[in-house]
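Presented sequentially are two complexes of chain A, the first with chain B as partner and the second with chain C.
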Partner chain A sequence: MLKALFNILIFPGFLFLIIFGLAAEFYDRKIYARFQNRVGPPWFQPFADFVKLVAKENIIPEQADAYVFKLVPVFALTSVVTAFFYIPLWKTGALYSFNGDMIVVLYLLTIPTVALFLAGWYSCSVYSTLGAMRSLTQLFAYEIPLLTSILASALLANTWSLSKITVFYSLHPGLWAFNLLGFIISVVTLMGKLEKGPFDIPEAETEIVAGSLTEYSGKLLALFRLTIDIEMIVGASLLAAVFLPFGLTLHPAIGFILFLLKVLLIVSIISLFRTVLARLRIDQMVNFCWKYIAPLAFLQVLINLIVKWTLVR
Partner chain B sequence: MHDNMEIPVGPQHPALKEPASFRLSLSGEKIMQASVRLGYNHRGIEKACEERTYIQDLYLIERICGICSHAHSTAFAQAVEEIAGVNLPKRAAYIRTLVGELERIHSHLLWLGVAGHEIGFDTLLMYTWADREIVMDILANVTGNRVNYGINSLGGVRRDISPEQVRQIAKAMDALEERTKYYIELASVETTLINRLSGVGVMSKKDVLRLGTVGPTARASGVARDVRKDDPYAAYAEINFNVVTDNHNDIYGRTIVRLGELMESFNIIRQVIKNLPDGPIAVKVARKIPSGEAVSRYEAPRGEDLHYVKANGTESPERVKVRAPTLANIQSVAFMLEDRYLADMPIVVAAIDPCFSCTDRSIAIKDAEGKGKKKKIVDWESLRLHGIEWYSKQGIDFTALNKRFKR
Partner chain C sequence: MGFLKKLVNWSRLKSPWILHFNTGACNACDIEIIAALTPRYDLERFGVQLKGTPRHVDILVCSGPITRQTADRVIRIYEQMPEPKLVVAIGSCATSGGIFDGCYNVEHGIDSVIPVAAYIPGCPASPKAIIDGIVKLLKSMEEKEKSS
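Right, the complex of A and B next:
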């Protein structure tokens, strides 16, 4: 019982996620700045921003639904933290697992987007409403390819459980290399999920101010920003577990360092794309996802089926 | 969901660097109707000019715009010089040309960065603005200021250029040319950039002529209109350069035109510093300008800038009228916005390189909702009364304060 509480609240749960999430935000901002010939923020900037926001007053618009307005950030944060417990991190097998937890994790990772939609919709401001609509439109564009590419990897392992996927790939080292296409697809779709890089359409500053979060301030905004940071970690950990499942049987300390490196690698790729690409329009984004990304994801499924019939018996 | 959503962009909005109000009627992501409202930045400079001497006006006029300040002060100086019948010394004409082209370089690099920012490509903003520092340093070195150079005087320029400065300029041009070539390459290969810019803000040659747009906005639709070529001033008659045009008709074309103009500017500056004639940099102009009137044109980075000055034989002008390039271009914005996506709105507005404070000529008061009552034009006294009344409604009374300071 005590151990479970420690796991949930401190390590590798809530506290670890907050610290790692904010540190990853710093890393993202710093290398983004260095790519752009800027100095970038000091290491404590995300922490300072968080403390500053928490210390500020919550302003809730008169027309907004105060109950939903206050509830959704908590809802979003809880779901991403919960998803983290089912993802294998630096050893095969997660903290908790059951058959079918892969679907649950993907479902839990969809909740922040739905929360963003609700936040925007119930803010009752034009910018928020537009941002909310865009969040949802974008969800329909990236969710299917993301699910399909992760499913392809699971198909090869013949299981619906993330923990068993890592066990399978540890037993068959090198097989993960067949999933590289799926890895690229899921990084691209993760960028859509995190609303980063060329897919920051729902919060396009020059068009709709801050999208869904336009009316948010103070503690609620801090919670939302924390959610997005943690979502980045959880999403990257998920991809690391599914697509980069190597070194999981090594000593836990080495495994832990490898885990951090894998997550930072994925964050780096996201930052790089954010640097070199201009923001797409929502119609271009949907076109791109359905025209190129989704067929490629199905191609990955096909590849894995062939690999499964020929190599894995 | 409402069929048509009204979305206000401005007067305060992250996409706008200056206050202006665009009301967009949206159906989903599509803009069905756009209306533009200006007048948030009116400063009454034309009127103020009538109460100052010509020399003072030169500095006031320069402050119409922070970016094309040299354009305005040169246009004004040219008009006054024409009335006074002054012959500009050759060296002064060359120095004016030099500063004018340096200004064009900094303005176009600034525009490129702003355009990048508007389409969510902040890396371009950071890169171009870092490169812009090279030309800003040169401007500070040559004129003494980074903006509002104050290099013009009536009848010439105020500062000479030393051989050392000429060397520095030549070096800076080489560095900037290399960077500009990089941007030209970037504009021809970067897919997201091309996708966001091409086919957006389309204006055919016919529409350009009908709406009377000027500058790069017109030249990107194949209209080779450039005051430097059509009606040469300063030293442009003696310099070889091309008018850059393009047939894309859209914002991508405007980007290409501006990048091409950067290359032309480097070429012009090299010719200017190579052929810099010797001689005086200014002639004396009497404080009282004889009666007369003149119109002067200048190709500012944003397009044709037009100044009209009427003199009445005293130390101050009787009337000064400025037609900044944005006024000619702003009509086209509402036209370009219709039937486009909301996401294109910031870049369409930015593509004309707007300068609203240059353009505003009046303040009109409307009720906040913009419905009902007709607009009314407010004169100075009633504006003052309106202010006092507005503040007293808020519970703030300045009567005691005014008495204390004997106003």
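Right, the complex of A and C next:
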């Protein structure tokens, strides 16, 4: 009981995720600044932003549904933190696991997007409604390729449990190389999920002010920003567990450092593409995902089926 | 309680987010404000970020004299900002009305409708002056909090 509480609240739960999430946001912003030949923010910047927002006045618009408006960020934060417990981090096997937890994790990671939609919709402002519609449209574009590419990896391992996937790839070293295409696809779709890089269409600040979060201020905005930071960590560690499953059987300390490095690698890729690519339009994004990314994801499934029939048997 | 208050004050000084609003300027000050936000000057060193919505920001950066058309709007934007909030007037026109003062369609400077914390004169105010002004404002706030 005490151990479970420790796991949930401190390590590798809430507190660890907050610290790691804020650190990853700093890392992302710093290398984004360095790519643009700037100095960039100091190391405490995300923490200072968070504390400042928490201490600010909380405005709830008169027309907004106050109940949903206040509930939705908490809901989003809880779901991403919950998803983290089912992902194997630095050893084979997660803290908690059951058969089919892969689907649960993917659904829990969808909830922040749905929360953003609800937040925008119940703000009853034109900009936030537009942002809400865009984030939902975008969800339909990236969710299928992401699920398919992760499913391809699971097909090869012949299980729907993330912990058993890591066990399988640790027993068959080298097989993860067949999932490289899936890794690229899922990084692209993760950028869509996090609304970063060329896919920041729902919060396009030059078009629709701040998207769904236009009416949010103070504590609730701080919670949403924290949710997006933690979602980045959880998404990156999901990809690290499924597509980069090496070093999991080593000593836990080495495995932990490897885990941090893997997550930072994925964050670096996301920041790189955020710097070099301009924002797409929503129709271009949907076209791109359905014309190129989704067929490639199905190709990955085909590759894995062939590998399964020829090599793994 | 003392520690928490110190932490909050520190965070307010370290992360001022700004909103830029043109209250009727000739665009020269706006171009200089945008120049101050480019990688050449890099305001993110001080934690400054340009935001699109008044709900997210701490500092309202105004340029230009208040015209009769914008007077209502600037009050509305000011009221949409969550507390604590500050206003910075950039350029000669924003501080006093400048050469437009006395025109039939122009009120005076920004402080004729909303309270202003810092005035940055210049026609237009250069990016270095804007950065200097904002840093001085933050420093004066810090000293005020230390003395109180």
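Definition applied: the second predicted complex is superposed on the first by the 313 of 313 C-alpha atoms of A that agree within 3 Å, B and C clash if a C-alpha of one lies under 4 Å from a C-alpha of the other, contacts with A are read in each partner's own complex, and residues count from 1 in each chain.
Please note the rule applied: a contact is a pair of C-beta atoms (placed from the backbone, for glycine too) under 8 Å apart; a residue touches a chain by one contact, two chains touch by 3 or more.
Every value quoted in this text rests on a predicted model; they were computed, and no experiment measured them.
J.: Once the structures are superposed on A, label A:D283 by its partner contacts, choosing first (chain B), second (chain C), both or neither.
T.: Once the two structures are laid over each other on A, A:D283 reaches chain B alone.
J.: Touch test for A:L221: chain B only (first), chain C only (second), both, or neither?
T.: After superposition on chain A, A:L221 lies in contact with chain C alone.
J.: Based on the superposed arrangement, let me know which partner A:E205 touches: chain B (first), chain C (second), both, or neither?
T.: After superposition on chain A, A:E205 lies in contact with both partners, chain B and chain C.
J.: Touching A:Q36, do we find chain B (first), chain C (second), both, or neither?
T.: In the superposition, A:Q36 contacts both chain B and chain C.
J.: Let me test your reading of the model: by the given contact rule, A:L130 touches which partner, first (chain B), second (chain C), both or neither?
T.: A:L130 contacts chain B only, not chain C.
J.: First (chain B), second (chain C), both or neither: which does A:I59 touch?
T.: In the superposition, A:I59 touches chain C alone.
J.: Is A:V51 touching the first partner chain B, the second partner chain C, both, or neither of them?
T.: After superposition on chain A, A:V51 lies in contact with chain C alone.
J.: If I apply the document's touch criterion, which positions on chain A are contacted by chain B in one structure and by chain C in the other?
T.: In chain A, residues 36-38, 127, 205-206, 209 are touched by chain B and also by chain C.
J.: If you look only at chain C, which of its residues touch chain A in the complex?
T.: 7-8, 10-12, 14-15, 39, 42, 44-45, 47, 51-53, 55-56, 58, 80, 82-84
J.: Name, in rising order, each residue of chain A that touches chain B in their complex.
T.: 35-38, 126-127, 129-130, 133, 198, 200-201, 204-209, 275-284
J.: Touching chain A in the complex: which residues of chain B?
T.: Listed in rising order, the residues are 1, 5-8, 13-15, 26, 28-29, 116-124, 126-127, 130, 190, 192-193, 195-196, 341-346.
J.: Of all residues in chain A, which touch chain C in the complex?
T.: Going through chain A, the ones touching chain C are 29, 33, 36-42, 44-45, 47-52, 55-59, 127, 205-206, 209-210, 213-218, 221.
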